[in-house]
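Before I ask anything, here is the structure I am working with.
Every chain is named by a letter (A, B, C, D, E, F, G and H) in the order it is written, and numbering of its residues begins at 1.
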Amino acid sequence: MPEKPIKGDKRYFMTGNEVVAYAAVMANADIMYGYPITPQNEIMHYWTRMAPKYGKEFLQTEDELSAGFTTVGGVLAGRKAFTATAGPGNTLMQEPISMAEAMRLPIVVAVQQRGGPSTATVIYSQQEVTLTTFGGNGEGFRIVYSTATHQELYDYTIKAFNTAWKYRFPTFILGDGYQAKMRESLTMYDPESRGIELVSPEAYVGMPGTPGIDRPPGQYRNTYNVEEELYEVLQQYQKEYDAIAPEVAEFESLGAEDSDLVVVSHGVVSRAAKEAVMELREAGVKVGYFRPITLRPMPEKQLREVANKAKTLLIAESAIGQLARLVKDSIYGCGAGIIPLFKPGAGITAEEISAKIKSVLG
Amino acid sequence: MPEKPIKGDKRYFMTGNEVVAYAAVMANADIMYGYPITPQNEIMHYWTRMAPKYGKEFLQTEDELSAGFTTVGGVLAGRKAFTATAGPGNTLMQEPISMAEAMRLPIVVAVQQRGGPSTATVIYSQQEVTLTTFGGNGEGFRIVYSTATHQELYDYTIKAFNTAWKYRFPTFILGDGYQAKMRESLTMYDPESRGIELVSPEAYVGMPGTPGIDRPPGQYRNTYNVEEELYEVLQQYQKEYDAIAPEVAEFESLGAEDSDLVVVSHGVVSRAAKEAVMELREAGVKVGYFRPITLRPMPEKQLREVANKAKTLLIAESAIGQLARLVKDSIYGCGAGIIPLFKPGAGITAEEISAKIKSVLG
Amino acid sequence: MSVQLAMPKSWRVDTKPHKFCPGCGHGLVLKALGEAIDELGIQDKAVYGCDIGCSLLSWDFFNIDAIQTHHGRTTPVITGIKRANPEVIGIAYMGDGGGYAIGSQHLVNAAARNEKITLILVNNTQYGMTGGQMAPTTMPGQKTETSPYGRDPEKTGYPTQGPEMVAAITQEGAYVARGTVANPKQMKGFIKKALENQINGRGFSFVEILSTCPTNWRTNAEDTWKFLEKDMTKYFKVGEIKVPESRHEEGK
Amino acid sequence: MSVQLAMPKSWRVDTKPHKFCPGCGHGLVLKALGEAIDELGIQDKAVYGCDIGCSLLSWDFFNIDAIQTHHGRTTPVITGIKRANPEVIGIAYMGDGGGYAIGSQHLVNAAARNEKITLILVNNTQYGMTGGQMAPTTMPGQKTETSPYGRDPEKTGYPTQGPEMVAAITQEGAYVARGTVANPKQMKGFIKKALENQINGRGFSFVEILSTCPTNWRTNAEDTWKFLEKDMTKYFKVGEIKVPESRHEEGK
Amino acid sequence: MAKAVKIVLAGEGGQGVQSVAEIIAEAANEEGREALYIPNFGVEQRGGVSVAYLQIGDQAIGSPKFLTADIIIALSDRAVHRTRKYVGPDTVFVYDSGIEGVEDAIPTNAKKVLAIPALQVANEELNPRVFNIIIMGAVVKATAVVSEDRAKDAIEKKLGYKFEKNPKLRELNFKAIDRGAELVAGLL
Amino acid sequence: MAKAVKIVLAGEGGQGVQSVAEIIAEAANEEGREALYIPNFGVEQRGGVSVAYLQIGDQAIGSPKFLTADIIIALSDRAVHRTRKYVGPDTVFVYDSGIEGVEDAIPTNAKKVLAIPALQVANEELNPRVFNIIIMGAVVKATAVVSEDRAKDAIEKKLGYKFEKNPKLRELNFKAIDRGAELVAGLL
Amino acid sequence: MTYAFKERSFEVEKGLWAIFPGLCKGCGLCIQKCPKKCMSWSDILGVYGTPSVEITDECIACGICQNVCPDCAISVAKKKGEQ
Amino acid sequence: MTYAFKERSFEVEKGLWAIFPGLCKGCGLCIQKCPKKCMSWSDILGVYGTPSVEITDECIACGICQNVCPDCAISVAKKKGEQ
């Protein structure tokens, strides 16, 4: 067994892409497939640097379609396989992801959102929320963790592999260009030393024994002949997804129980939201903060509780209502009104959120 | 000028794919680019059969990425260019569409939805609603007509070219496998004989004169260096989109003003909904029917009016809540409760809707 | 003396008759593949991937682990499997549309990277599964649903020379051949060599097979053979194009 | 006697200095292209498409109608333009990643269909725009961000022989050559012939240019020239590979 | 609102159920009625059962498919299995009496179950090639969605060019319509 | 809650602003403080202005970018133009006094505007190569986000291997820190 | 078991020839390739309800028909010593 | 006009040599290729603040430096009769 890069708990100061690469190694990921795209490149750079030392494999493919489909192949072979992408690459990645979604293949994908639509900017956005949660010609049977800090990038990258292999839904770490490129501190650790058991992968193909003699062949398809067959499969998926949703859903909340106005945001914007809310609360203003960590499934129950008590939700996101649509879908029928603060492709600062809150509260 | 296939008004009995091909010819479309996929193939088959006779061009590309990007090229050259796709092809098509969305290129795309996710079935579904309205890494600056009958396939295919070139947003005719493959009657006509003026295309590149000497060069990009640049562009698009939305939005409604329960559906499912509602109304049950024809933009104002009066909306769709999300996004804050009737990848009949209405009404 | 079913041992009998049309060459290719697998004794190690295209109908064809992928994407899926578990013998099976059109970036790049997998590509000069549209391999003058007046090489070029292209970008270690279902024995030989090349860890192995599609050619048995043997061979030369011992001459 | 700016007439002076790095070969290729356009007098008819990759920096480079497309997608965009308006002279400009990796299906199929467009592909042995990752053209042993210990041909193959591949699938009428920024005059000649071939309606024209990327190679001027002239030419043979008069020999 | 008549026709690939459905639909359309015909189509259809869904009425037709048919015609054992689910208490279920081994599959909840010897009539009285036209006659008679004369017109329109060369063929086809109609006439 | 100090450093490609920001951030991190450093990066960056955003505080940092900086250091004319927008009433705006032709662009709404002769000091007193270290000294002094000693430690950590070969270099760098600090000390 | 296909076997001078109608799709590829032209359509229907094939005594058990059948519906066994 | 680049010209025996510092990025490619090794870095800074180039009298106006400059920062004009 090759040694691991992280032994005890230790504080590091590095970029988010570096964090993801380390976390994947520590999650016992076996192989990364990838195609370069800014701002996720350094995940591949760090992974390829570490790979020989820790017995890991890497394949740079010819495009994101191939990166996604080779990742699917890696998972079918029973390895913890992952890839990373962004922007137009994420758009392309939806084709292989839709195959994984249809076949419940536990691929893991790190997405570092950049500006859209199209090539737009290589910098930052939260415009890949709809794409990552519901992309492709399917129903979004996926799990999406939206991280806000380097600590979370580390924690949830490790968690993503476990979630994927436990529930067999494609699982995403949704970051962004800011998180990818910025440096801040975090504590890295060996998950097993903290009692986090790493779920073991299982092979779909290439198991021991001769198919048809020692065991039935492992044979898988994603194509159905009649509507009824498909309908049945999807109903079953829906049932299973709904059943695990409450267990998978995560959120962070602060003073949301007792505030008239609650700021709802996700990912890196929630840092600004939290800063603004905390500051205002210190100044005696009763505002709350709610942040879905899983965007799929949404923490529906908790969000509804908030939306039933609060008068107003201020939804802040670096996109035009992509989070807002998920929120409205979850809380339809609740009493809270919704105020948008949408800045597609651009960062949102605490000052801006603060100012908006003040203007809403009058 | 080559003659046109349709002169006066005439009743025809044919498949939906055939209708789309005829309508494109009658809309003065110049060139189709495409890649085969069931159930849209016959659009290409009929188009290629008619092409030489009516002076049209066709190119079969190597995949849907190419079909989409050549269509973009056709539009840039100042021709009315279109393509058609479905399912996994539609997933791939999002990459070129995102370029068109970013650059406001008036491409026209006919989508004949099939089962998803992945290859699933070649038959039918309404599972490409999210994909078609909001696919790719963008904000869904698109116009989507969801048709229900062959008459509408004809009318809206013609309209789509006008809408696209008038407003310069990518425009979609959203059909499905049923509409593609079934035969029913419709009346075809020469739009100009009905006073429908066909908007003329304009070239983006290859105009007369030497750039830099007779005129400035036509130069276009979709990439920005800093966030602020992108943010500004998207704000402008949003403003323009919002401004035209009320003018573009279309709907059909029946007894929705005065009913406690209104069935909301789109596309071919609305035929079943209409049948069920009409039957029940004849039997004295007060139920209504509302159908967005444009799924993007949604007929928000009208839908809100309905949702403010009705107690319950029954949302019926051959998908898991893709229409429902659009509806909730539009009517958030309205009083109506929502009851789902979701059959992903499978048809919904009038009997089923009727039964559901009865069970809801108790 | 009695007569047994003449089926390769590696075929799944319980899924037969298979789902291909009467007279479809896919059955012949898969028979040759089955026999090659039997003879090499690799039923336990082989992993079979089929494309979307009529090849998808073979997802449960063999008593071999198998995955039905997307249109054109069998190459990366099998590549991904092989990279993750080099013990398996990866077989990617696809049509001419899957291999030369939508999946051609995967084909040429897997070839260039010398992926240690075996690709079998069935050339039936059109898109069978979707009802007979033009493919990169469609013959000049051939009528298809999207070339209803016959393929015009002036407008859409000549049939793609797949193995020749693959030969031009592979280096030593690769195996490239073109067989035909009209010569089952030779075809099996090519497929077997292509598998052996993988077993020996040499490199990328590619076999195109000229095959029949009576359904979309709209041919009876006689014309089916004729089109395959007379017309297709005018453009597609059957034989071995590159064997592992040879070196890559062009561009060096 | 006085000295004038030695810029091609078709360059847009108001967007100069251009956005490429110091010592970047893209500038040299576009100078040759500009001169070829000037000499052929096609500034009014040319439509220029650039890829994502460093080529995107040239979207406003010429006084020519231009479109900046997606990574790998310049070939279909220019194809679409040319098919819709055959009067224009379509020029698709891209990097080795755009042409041989993500856009290789477009390259080989445009070549096979004999699209009447001109493709210019800049081979700088890696992905410049994204900071120097491995490309299909990366040299054996070359260190890049994703081959930090040097490209291992055993694991990832040898550099893609693009023009050789294109030559293998094009029929008569095509023009295929490989030039180098180390020989500007020859390079301009190849580009000019490739444009003339389109003007004459013959067929697909493809020129790969060996180019420099001092930024990602991390080379000074001396080593930049050395890598280009000594190392790259070991794998990439400069010259004309197919001229319209010649016939396609392989596979016929 | 008078409901449309809902018809399911199912058989093996070569049995021509799709053309029967199409001709009837076109005949109804020619009569100015509303018709909607949709074939089944699927990926693994090569060698699968071919099913045609047909609705004919006087107002615009609703959903293209339906849960319960008014009449079902099943022409092979697999067709019987495949179409059973469309049976309701008002359904007339027709199958060819030559189909073997489907005793247990014949629906028991139909309004009426009719076994007609269409195959036998085709083979023995007329010609195997007009088997599907006999079926057409039976459908037209059983549903009255179009008149038998209209049905003949529609055939004339479709095959007229053949009939011109060989007028015996016309006779044969029209005969097939009539015999098909007779087969069910007695049983309804 | 004490707010983090927000710093913007901007210059031309070769001027080393990113490494200055990174070294300061690491120094702060070593001191146990919270630091967040993010470079600008963009497609057309080749030859563009390089901007570093740096925040240092005692609690977790909020948004990686910000509207208004506490201190801005602009090292070229384009950098002055690019960073003006981060100026607020509490901002200290520092620029190199050697920059020409930016008179009109110098912000007028800053708390303080300082022109420091860093380039000149580098070229004339020390060495052009330590220009960015002079800037670092100025930043450290002006913001007090880390002590000057910590800053020196951080430089030692980063360049120690070079200093070992050539101890004069250490001296030069430390001198640069001190001189940078002096340049602003008098002005704050 | 769905895969116990019934065979119809014919003994000819040189060997045994068998057709499995449950596998035969009536494509006719075999008939075209028989060097002795000794194959013809049979009244026994194949799996798709189309005629299957049969042979006459002229068959030399060369096995070509077996080789070209895409459905493995034909099995030919040469008698010993006939190799 | 942003594109009125200032030139620095040098007259040599065989012709006129000019550098436009506003275009020169200091890559040094030209220096390497000069057959006379007569080029060197100048104190005049180029567009990126790096040194631009200049020549000595040994220049033969061969034009190679002009040809290899990716930025068109050098112009060389041979005197008449020197072709």
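Observations on the model:
In the analysis below, contacts are C-beta pairs under 8 Å (C-beta built on N, C-alpha and C of every residue); 3 or more make two chains touch, one makes a residue touch a chain.
Owing to the predicted nature of the structure, the values given are computational and were not obtained by experimental measurement.
Touch-path distance (fewest steps) from chain D to chain E is 2. The interface of A-F is repeated, with over half of its contact pairs matching by residue number, by B-E among B-E, B-F or A-E.
For the pairs B-C and D-H, the larger set of C-beta contacts lies at D-H. Chain F and chain G have Cα centroids separated by 87 Å.
Rounded to a whole number, the gap between the C-alpha centres of chain B and chain F is 54 angstrom.
Chain G and chain H have centres, each the mean of its CA atoms, that are 84 Å apart.
Chain E and chain G have Cα centroids separated by 36 Å. Counting partners per residue, chain A has 38, 59, 62-63, 88, 95, 99, 118-119, 121, 123, 222-226, 347 as the residues that reach two or more other chains.
Shared contact sites, meaning residues of chain D that touch two or more other chains, fall at 17, 20-21, 52, 56, 68, 70, 101-102, 104-105, 109, 129, 136, 156. Residue positions of chain H with contacts to 2 or more other chains are 25, 47-48, 50.
Residue ranges of chain C in contact with chain D, taken from their complex: 100-105, 108-109, 112-114, 136, 153, 156-158, 160-161, 163-165, 167-169, 171, 235-237, 241, 248, 250-252. On the side of chain B, the complex with chain C involves touching residues 34-38, 41, 44-45, 48-49, 52, 58-60, 62-64, 88, 118-119. Within the complex formed with chain C, the chain G residues making contact are 1-3, 5, 7, 9, 16-18, 20, 22-23, 25-29, 31-33, 47-48, 50, 66-77, 79. Interface residues of chain A, counted against chain C in their complex, comprise 30-31, 33, 57, 59, 61-63, 65-66, 68-74, 76-79, 81, 95-96, 99, 203-213, 217-223.
Listed in rising order, the residues of chain D touching chain A in the complex are 52, 56, 68, 70-72, 97, 101-102, 104, 127, 129-131, 133-134, 136, 145-149, 156.
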